[in-house]
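Two complexes come next, and they have one chain in common, chain A, joined by chain B in the first and chain C in the second.
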Partner chain A sequence: MPIVVKGLSFAYGKGTPFEKKALDNISLTINDGEFVGIMGHTGSGKSTFIQHLNGLVKVQEGEVEVNGIKLTSAKRPKPDYKKLRATVGMVFQYPEYQLFDDTVIKDVSFGPKNMGYKREEAEEMARRALRLVGLDPDEVGEKAPFELSGGQKRRAAIAGVIVMKPQILVLDEPTAGLDPYGKEQILNLILRLKKECSPTVIVISHDMDEITRYASRLIVFGEGKVAFDMPMEQLFEHGRELEELGLETPTAVRLAAALKARGIDLGGGIVNMDTFTAAVLKKFAEKGAPVKEFSGIDWFGERAEGGGQGAAAPAQEAADDNGAADIFGEGL
Partner chain B sequence: MTAIKLENVCYAYEADGDKAAVNAVDGVSLEIEEGAFVAVVGHNGSGKSTLARLLNGLLLPDKGSVTVFGTDTRDEKNIYNVRSSVGMVFQNPDNQMVASVVEDDIAFGPENLGLQREEIIRRVDWALEQVGMSEYRKSTPFRMSGGQKQRLAIAGVLAIRPKVLVLDESTAMLDPKGRREVMDVIHALNKREKMSVIHITHYMEEVLEADRVIVMDGGRIALDDAPHAVFARGAELKKFRLAPPAVTLIADALAECGADIPRSVTTEEELEEAICRSLSKD
Partner chain C sequence: MRDVAFGQYYPVSSPVHRLDPRLKIIFTVLYIVTMFFVASYFGYALVLIFLLSVCGVAHVPPKAMFKSIKGVIILLMITAVLNLFFYAGETSVEWTWWIFTVSPEAIDFALKMMFRLILLIMGTTILTFTTGTSELTDAIESLFKPLNLIKIPVRDIALIMSIALRFIPGLIEETDKIMMAQKARGADMESGNVFKRIKAMLPVIIPVFVSAFRKADELADALDARCYQASPKRTKMKKMSFAWRDLVAFLIFAAFVTIIFLDKYLWGGLDKYIVEAFNALIG
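Take a look at the complex of A and B:
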């Protein structure tokens, strides 16, 4: 079931001299199976928005409905927060700072234990979650989180969230502070999680070149409002307004505009470096140049299938794929 | 003149239980000229931050030596001179604020140096002007954007009047606008004040703006060259877990598929030109 937000407004320090409006009448729907990128400068309201999705901040005005669980400002009926938090998995910025237990397996099984699972069950769930994020539970399970490398720590922290099999996975700048290869690995992991565990993914990102390759939809926040929520191709026609919001258009879009000004029209549909490269190669082919088939930029040779609007355009397929594989072996 | 000189520097963090100590910096020799703008890149764990902390005596080398304007960092009597010459800015702006009012925060450094009140005021004025934050001197940092806070962190370091500025992933937690603000400030300091800048980053676009880039791998210097020359190495960068900037990625993919485009292109203008030229050929 989708996420439906209607007329959501929120202010910090309400009723004090420091009152600051963070969200201003937000209405939007996020459907099952979408990969949504959320963008906006610091203070645009995007973090406040995602915190509403699993009840970390209480609704002041308007309404949020997640998988049928309704959140409003009314005190009663009390929403089922336990169910809500099992539905929406939240991975915060630098999630590795939140690892706290003395072994990885204890840390990852903390969630299910808290939800009432017995220790053995919870640890079995933790082992599956670790495998899913690409860590070997036999190798890292008994280690202290501090013994892991930076990238491993981040994976372990993500395992602690997906261990509850959330239908919706929300990640706040999941690649911040990682080297280029680490970034690629985390993005590929998110694609894998989308396919095998959490069919709806919402990612906050600042990197246009990156997010346009993975997301099927972008929502741009500005001054507490939804500034843009439209197909990417149309969005990037608003280059100047994006700039005013502190965002850039992707490199590929700027290049396509520059080429058009010089008489080379690559046509529509250019939203990222894959679609741009494919369009340029088509021009070369039309000129009779012997160019090879192009299947998307894959610098490290590890890119997972099913991301963004690539040359092979697997995005729609991925977006329609709601049947998450049963990696937990117990039916979803 | 040489600002900082490293000779065969090794540093290992203390061994932890059954794990043997590994050199985080392993035999690095390096000279940084006064007024240079040097980017340092490398994967997580390659030794970049350890290297940064060796530059102003936060860490002292196990082997080899680090000299800052002729002073060895192991010379205890002169360590404060070393720290005044080389200012450090870290990743998280929130961890670098000590006071609740901007001017008090900036004054913290010069106060600790025991300077006269008039001189402190002069330095606070100057430092805030350098980072374009003069109008905020009576404000509180806690409600500011990440970019503004990080510029204040830089101002706090500038008030000590360093000759070298070391930024350890100081743009990592900022949004694109905040990153641009910080980059503009450090480039201006480099040009106007002839300040040497050592900028550690994962953003390849920022690397392109440097005069020189040092690639770290396994605690050693793997490459040390102009940015253009480093990115021209193409696939070799993969072994250092690096990817070139978006423009170079596109050029590389076009060349890979047989289009007549040089792989080492690093700017949008160059790529645009190369595509136009190649498509207009018969």
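Take a look at the complex of A and C:
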């Protein structure tokens, strides 16, 4: 079931000199199975918006409906927050800062325990979630969260959210503060989560190059309003307006534009490096150059077949792949 | 979390905001002392009028000032009740019921005590409403400068203070964020009895503590990396100096204090004249 938002407005510090309008009459629908990217500069209202999806801020004006759970400014009927929070998983910025318990397993099973699962059940769910994010529960389960490395901490924190098998997964800048390799891993993890656990994914990001590789639809926030909400190919025709909102078009789009200015037209549909490379290869093929089949850039040599191109994947990757099989066996 | 009224700066521009912060601190201290010399309801009314006018000049809505009492209302109630029943002075009439004894003097005393506390709190909040934290620490540093003579590191203390104050908004924000993150994981912090709620706060308190230590470490590193030391003689970005408006403020404040003292020592509490006049009117 989709997310339907109608006429949503929100202001911080209402009635004080600090009053600041964060959302201004937002209306949009997000369907099941979508991978939505949300963009916008700091203070554009995107964080406030996603907090509404989980009932973390009270609706002031308008209406939010998530899987049939309605949130309005009215006090009654009280929405079923527990169900809502089990439906929408929320990974905040730097989620590793929310780890608190003395072992990783206990921390990850915090959510299910809150939902009323028994300890054994909750810990079993936690084990599955850890495997799903690429951590070995036998190895890290009994460690204190603070003993883990930065990337592992973030994975553990994400496990603590997806452990409740949310149908909708919302992530606020999941790759902030990671190195390129760590980013790549988290993004691949999100794709896997989408396939195996949470069919609808909403990601906030600042990085155009990153988000365009994954999202199927981009929503751009500006000054508390939805500035753009359209498929990516169309969005990047509005390069100038995006710039005014403090956003850049992706490198691939700029490259294509630069080539076009020099007389090489790669055609439409270029949104990221994959589509750009494909278009360039097509161009070469047209000219009669021998071109191998292309199925997307293998950034870190991780796309299984034959071990990739040199960049040897660290051992951690092996754990990743083990975990991919049969997660949440009982079918979602 | 965000509507902590007590001690919050109210960011508007006004003559009161522009007063020398040192003077404002001195005024606040004198105000507190003066409050203990208020002898009559007339005096309390005068103090209230004074505070409201200061609010007016400072462009701070009086509502914000009254809100500052909210946090201590239970304390006020308890003191009022205790004063009412345990009044030890002379009494003219006594009304007794079971073990409780109440007299007009006790009521009078309890009321005055409550007014005194309320006005004390409201008065001191005006200082924090109109003075930013950095101004405040600068002023304190400047006022305590003489202590340098007896080898008290005033600058270091001022630095510690300003860092501590500087951290508060950040920590509140951090708490907010982590609270949201745990709520999103189904944490329930709003229902259950006191013990349950305290236990429910653990998933918030621990990460906030960890992050406070991390931030302190980072800040210490940043200070070290710049070879920062509080003690050597430093210049200030904003020099404090007295202006004509400080003189005006001083005269007004002096007039206010004088009336309060006149009311106590010369007129012996204006109330009795008011009561007499009132009696004469109806009698």
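Rule of thumb we're sticking to: the second predicted complex is superposed on the first by the 307 of 332 C-alpha atoms of A that agree within 3 Å, B and C clash if a C-alpha of one lies under 4 Å from a C-alpha of the other, contacts with A are read in each partner's own complex, and residues count from 1 in each chain.
Simple rule for what comes next: a residue touches a chain if its C-beta (ideal position, glycine included) is under 8 Å from a C-beta of that chain, and two chains touch if they have at least 3 such contacts.
What you are looking at is a predicted structure, and each value in this text was computed from that prediction instead of being measured.
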item	value
Contacts of A:T277 with chain B and chain C, given as first, second, both or neither	first
Winner by number of chain A residues touched, once chain B and chain C are compared	B
Contacts of A:G13 with chain B and chain C, given as first, second, both or neither	second
First, second, both or neither for A:G182, with chain B first and chain C second	first
Chain B versus chain C as contact partner of A:Q98, first or second or both or neither	second
Partner chain(s) touched by A:A86 [first = chain B, second = chain C, both, neither]	second
First, second, both or neither for A:M164, with chain B first and chain C second	second
Set intersection of chain A contacts, chain C complex versus chain B complex	93
Chain A-facing residues of chain C, complex	2-3, 10-12, 174, 177-178, 180-188, 202-204, 206-207, 210-211
Of chain B, residues touching chain A in the complex	42-45, 91, 145-147, 169, 172-178, 202, 204, 238, 241-244, 246-247, 249-250, 252-254, 256-260, 268, 271-272, 275-276, 278-279
Residues of chain A touching chain B in the complex	41-43, 93, 149-151, 176-184, 206, 209, 246-248, 250-252, 254-255, 258-259, 262, 264, 273, 276-277, 280-281, 283-284, 287, 289-294, 297, 299-300
Residues on chain A engaged by chain C in the complex (per definition of touch)	12-13, 16-18, 51, 54, 56, 82, 85-86, 88-90, 92-93, 95, 97-101, 110-111, 114-115, 146, 160-161, 164
